[in-house]
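Take a look at these structures.
What follows is a pair of complexes built around chain A, which joins chain B in one and chain C in the other.
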Partner chain A sequence: MSTETEAAPVPAPPAKEPQRGAGLPSWAVQGLVSLSAIVLALLVGAILIIIGDDQVQKAVGYFGAAPMDTLSAALTAVGEAYKSLAVGALGGWTPISESLTQATPLICGGLAVSLAFRTGLFNIGAQGQLIAGAILASYVGFAWHLPPVLHLIVAIVAGLIGGALWGGVVGLLKARTGAHEVIVTIMLNYVAIYLLAWLLTTSTFQRPGRTDPISPIVDSNAQYPKFGDTRLHVGFLVALVAAVFVWWLLNRSTIGFELRAVGANADASRTAGMSVGRAYVIAMVVAGALAGLAGTQQVLGTDLPLTDGVAASVGFDAITVALLGRGTPLGTVLAGLLFGALNAGGLQMQLITQTPLTLTTVLQAVIVLFVAAPALVRSIFRFLPKERGVGAVLAKGWNG
Partner chain B sequence: MKKYVRGTAIVGVLTLAVAACGSKPTDSDAGGGANKDFKACMVSDSGGFDDKSFNQTSYKGLQDAVKDKGLTEVKAESKSDNDYPTNMTAMVNAKCNVIVAVGFKLEDATEKAAAANTGIKFAIVDSAPAKPIDNLKPLLFNTAQSSFQAGYLAAAMSKSGKVGTFGGLKIPTVTIFMDGFAEGVRYFNEKKGKNVQVLGWDDAKQAGLFTGDFEDKAKGQNNAQNLITQGADVIFPVAGPSGLGGLQAAKASNGKVNAIWVDTDGCVSAAEYCSVLLSSVQKGMDVAVKDAVVSVVDNKFDNSQFTGTLENGGTSLAPFHEFDSKVPADVKSELDQIKADIISGKITVQSKVQPKAS
Partner chain C sequence: MTETTPDAVPAAPAKPQVIEAPADRTRRLRVGGVMLVFALIGLGLAAFTKSGKATFQLVSGDLEHNLLGLPAQPVAIVLGILGVGAAVAYILRQVPQRYAGWLAAVLGVAFIGAFLCWASAGKTFPLANQFQGTLNFATPLILGALAGVLCERAGVINIAIEGQFLVGAFTAALVSSTTNSATAALIAAAASGVLMAALLAVFSIKYLVNQVVLGVVLVVFATGITGFLFDQFMQPEAEKLNTPNVLSAVKIPGLADIPFIGPILFNQTILVYLTYLAVAVVTFVLFETRWGLRIRAVGEHPKAADTVGIKVKRIRYSAVLAAGVLAGLGGAFFTVGYAGSFAKEMTAGNGFIALAALIMGRWHPIGAMVAALFFGFATQLQSQLQIIQTPIPGELLLMAPYLATIIAVAGLVGRVRAPKADGEPYVTE
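For the complex of A and B:
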């Protein structure tokens, strides 16, 4: 360790401190921190790959006799694994389309969490909102029979409504009774999961001829059109539009100003004459609708019928995506793309090098860990300047 | 400076120590099997290959085939339902010769891939397509037959006159065990003029006790405790890893309550509970998967449905292990008789979720 004395107590008042690289705009600083976190995570992942690799373990057995063998085995293991990860995520149109497909619901789910973050709400309930959206969208998709285009639009709207209701309840409870949104959203996740499990045993939802919990596949009229013969669908573009909408809502609209003001300081906003309760309800309705949109992308986009696993872990991954994206729409899109690429690449990596799929989960977790602890990243990469604003808030948490 | 000296010394000593042991092996294990170009592939469902249950058992079948025939193994684990189509496509692109899908959750993805890639052989565990597909072999198991034996055994061994069962999810691959179990108990009652009750499953109403998932051990323990409180002294958990909680509850009773395990021989897969296991209902997924893969290697593949029965050994009652001396000889011979009667058709197992013979 160096002997340089570094006056950097974390909770120090930011204004007085000498700023490293103060000339950089804050988005660049955040980008650098995120990038460093990704590099660090890849290093941690490399260590795990080396430890878990058969060839390396064999070579370590005779390390003394031929130390270079261990080194080359380690380098080969890491190189092969990351190469197949990269190829699986970006190596051609099909892998890229697969990455974008995986990213689509993560972006929408991430936006749902981000928007609530910015209003000072910790929305753990994207999972439940997504399921509520998926249930309604899928029902409209397979039970109704409408002309092309119209059917898709109606199904999407149904999904938006499902999510908005599921989220809106949370906002309403918070605004009216002060019930903490973290607890309510977690509980509503369970309600949604078991509601779905029950619905799939009813004749309304269960696919005829099947006895396991699975619904019919939605009409082709109600499916997002696909790009070529890939799995990528128009839902991806819808997700990008949703991101632009959230950006507009937060940064260009009066409502968005209120949301951000409430998020920054609810008491001050109340004193300034804003309705904090109204802001909470609006934020949760829109957030729920965004998560519901992610639900429509699952059931109307990827050929998936409604099953008990339809939401996978998208609603929870969305939280990490939003964290990595620093609560901004652009950041969320980029983080969603990264996670989508890691998911798609991870499947390819396990196939080629038989590296367990859980490694990508570890990578994602470590990235977020480093992003959430900018001080840690800065102490490793000393050239990084100190950051201010949203990022710092995300590191500290809410209401605190 | 002092630090450096010490550090260098330590590194030096370590190097010597490491150098002293181990020498580089010569490349003798190259070559290997005769069919290295043959790729035998498997896709798990979201339970993963380490589920101590049916993914793991099926995977063992793949490994056995790979070892016997010297094949190349490729496996892909699925983290969620999202991954099934992707993994299936990836296997097709990896030029697999045979692809085994584990579980009915993969039915849609497997049927689609099989229809689109007629050059590749497929097999799927626990699922049969509505219309047969030329290159897709369904592997099904009539575990109601061996569960019938298990029910009889449970009833014969019960002192309280009550036996209990619970499932993971109310799906056919689970309730088939519970149906057979309940029928076996009823058969015992008819034969012996007794009235042993089954708690946790009513096969006429198709209603009973479920944990709601296959992962949560605590729920399994709660359910078993619930049955024990109501008087059951033999527990039959059909809930994968969640059911292990049921074995915990049985073990905690200090010999009052025993259990029967499912899918694999519990005395092997969960040996710590062997002391409370009367027996296990075995579902021979490993054998079925191995045979399916080997049939492709030997160019003897056909798409006919494999149904594991007592007759072909695809399902069976495991050895009694520690209870071997405690199960009365006449019960043992009655169980053998039941097996013979089920095979000959003298006893008809009623369960509606049994796989239809094709």
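For the complex of A and C:
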């Protein structure tokens, strides 16, 4: 358990000062809580690894005779699993490029969820928006034949439009009829999944001569250029540009100010003369376009043909990424990088120590669970200072 | 608004004018418009129905006897006209407001009937299988939606039904394989559902975590943990750990002999009978008992409930945990009630369809059941139509539940309103 003990906190000094940490800026407090959540998640993961390890199970058989054997077997199991996880994520250029490849769509998808969060909307529909974007982008990619650069740009724009439409419907319904975005986005995810499944059986999309759901490969002109021999492609840089754009939009533009105002207090914004409905539509259109961008990265960068597995679980992981990133562009990028590394490292861990990849899913869920419950994390790590106003930006109940 | 002015002829006191608010009028016209579109599609299908007989198989597996042959096109046309009549009657307010719902039901049945005539003209449609499959698909949806009703009536949003299903399915398969006992499997599944519900309850009620966030995270967590346990333990020893006994059907004497519906409704597994029971019990408990009244009170106005001495948090805990039993049983259906073995992510979004059913059913147990049956019907119809080969792609039919839910929450069909305090944690000052 060496990994945990290194990062584990020093016992808190006597809690004499009630205002501990009051001087810390809020980003530092949030960072500490996130870090603590990651440590706790790794502890939970360690328990699962220990339970699942053969050597530990053998050693437990004679626990009474040699209790230290169990302990050392447990430490070895956890150490090796986490070591292969870390090596698979960061040990050299190839693992790092794989981590960044995995992070690319997570960042864009995460931004789609984050931007909606800041407007007071809970966008569970990144999955559907991503699929809609991927459908249009791949169609332009394999059915049209344009010169280099131009083809890629047109295909990306098509993806943006696909996502923007799929997201815009949600904003429009919310603005016009009050339909709750959580319900509409969940439903639209499944509509998109079945739409994709159907399209891949039609002659327009299905690759000639194939009976399985797969499209032709997109033209090389429409592909994101790759870095060397790796799977990493220029889409990663596009994701970073998108993050800067979202930062600019939210923090430096008039529209962004309105979005944040509506997210903080829709009633007050309405009183101040802002159009809440317009803010919802804009937020969902831009969020959808960002998720569509993630779709282009999948289909024009990583996968190349469109398949029914194009979205994998990116759209859902994007929600956890955005939650971990607290709805800020920088936080989302960092969270996307972390989850990308966990995914890439998890594959390596599965290969070397036979620890199932699903462990990383558990890790991600537990991290976000703890991040979403700062009160719980604080009750475990007493030294953490109290946060102010965190979590208040998130969506409220069905009627809110 | 012209209707609100009294008729120019004053000598008609027998027909009192009902004053209609402008908003209601808009709604009536909008709903009526949607109904008319469906009715006209139904009539259009009738026009394109091939001549010949549509044969409906009334007993599952019996191709010789008990067949109902109908002249496809005439029947479809009659049904189509009936549907248009219902839509027009609704738009023109020809029936009292109270019975307006019946018009929608008439339209729905007529539309489905016309559709079936169109699809099976010149062919044989296995009608008994259709209803049998509807019930199969609907069983977990009903249990999940009932779980959602209990939670959300108490003011706790539950979008983690999918996660509860997965854990319930896994536990039922594991316990059934190791103990060979159906009772133990069902009890264990219910217990695992309660365990997931406890996570939902503690994090939402005690730690005030945003409940939508929490639901999403719990689904991811359940996916991860069942996937991990499956990969690590169950899969390597699949013969020992993943061979649950599928529940056998129990015939209810007497009731099972009713023609047509008897074998469909009363020759089922214990889990299906538990589902019937659950609908009745949840409805009774919610609307006829003190606990139910308190659940609804804390879901609508927790502060008022607190003021009169109701322990808000305690009631919410009890409702969420009780709902866990239902969701866990719903999960058990996937393994011991149907498939016979566990697979990763086998619930395939059914938890979210249950959520949709709960919303379509307007947070009412009976409504949720009807919506779940409708969703089950659409799912089963999709596989039936593939067998008899119709030009409609199955994927588009599978979209129907989701599109219907969007239409419902957008207020195109009736008003959908959640319990007022749904999703709001209660903090005592």
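Here is the rule we go by: the second predicted complex is superposed on the first by the 368 of 400 C-alpha atoms of A that agree within 3 Å, B and C clash if a C-alpha of one lies under 4 Å from a C-alpha of the other, contacts with A are read in each partner's own complex, and residues count from 1 in each chain.
In this text, a contact is a pair of C-beta atoms (placed from the backbone, for glycine too) under 8 Å apart; a residue touches a chain by one contact, two chains touch by 3 or more.
Source: prediction; values computed, not measured.
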>> Clash or fit: chain B against chain C, after overlaying the two structures on chain A?
In response: clash
>> Contacts for A:201 in the overlay, against chain B (first) and chain C (second): which applies, first, second, both or neither?
In response: both
> Touching A:62, do we find chain B (first), chain C (second), both, or neither?
Replying inline: first
> After superposition on the shared chain, which partner residues are touched by A:351: those of chain B (first), chain C (second), both, or neither?
Replying inline: first
> Is chain A touched at more residues by chain B or by chain C?
Replying inline: C
>> Looking at A:173, would you say it contacts chain B, chain C, both, or neither? Reply first, second, both or neither.
In response: second
> Looking at the overlay, does A:241 come into contact with chain B only (first), chain C only (second), both, or neither?
Replying inline: neither
>> Looking at A:209, would you say it contacts chain B, chain C, both, or neither? Reply first, second, both or neither.
In response: first
> Regarding the shared-chain residue A:366, is it in contact with chain B (first), chain C (second), both, or neither?
Replying inline: second
> For chain C, which of the listed stretches 39-47, 57-65, 93-101 or 147-155 runs into chain B?
Replying inline: 57-65
>> Please report the chain A residues shared by its interface with chain B and its interface with chain C.
In response: 194, 197, 201, 356-357, 361
>> Which stretch or stretches of chain B touch chain A in the complex?
In response: 15, 17-25, 46, 74-77, 79-83, 85-87, 90-91, 94, 104-105, 108, 130, 169-173, 212, 353
> In their complex, what parts of chain C are in touch with chain A?
Replying inline: 152, 157, 159, 203, 207-214, 216-218, 220-221, 223-225, 227-228, 230-233, 344, 349, 352, 355-356, 359, 393, 395-396, 398-399, 402-403, 405-406, 409-412, 417-418, 420-424
>> Taking the touch rule as given, give the residues of chain A at its contact with chain B in the complex, in rising order.
In response: 58, 61-66, 69, 98, 102, 194, 197, 201, 209, 211-213, 217, 231, 298, 302-305, 307-310, 312-313, 344, 347-348, 350-352, 354, 356-357, 361
> For the complex, which residues does chain A have touching chain C?
Replying inline: 48, 52, 122, 124, 173, 177-180, 182-184, 186-188, 190-191, 194-195, 197-198, 201, 316, 319-320, 323, 355-366, 368-369, 372-373, 375-376, 391, 394-400
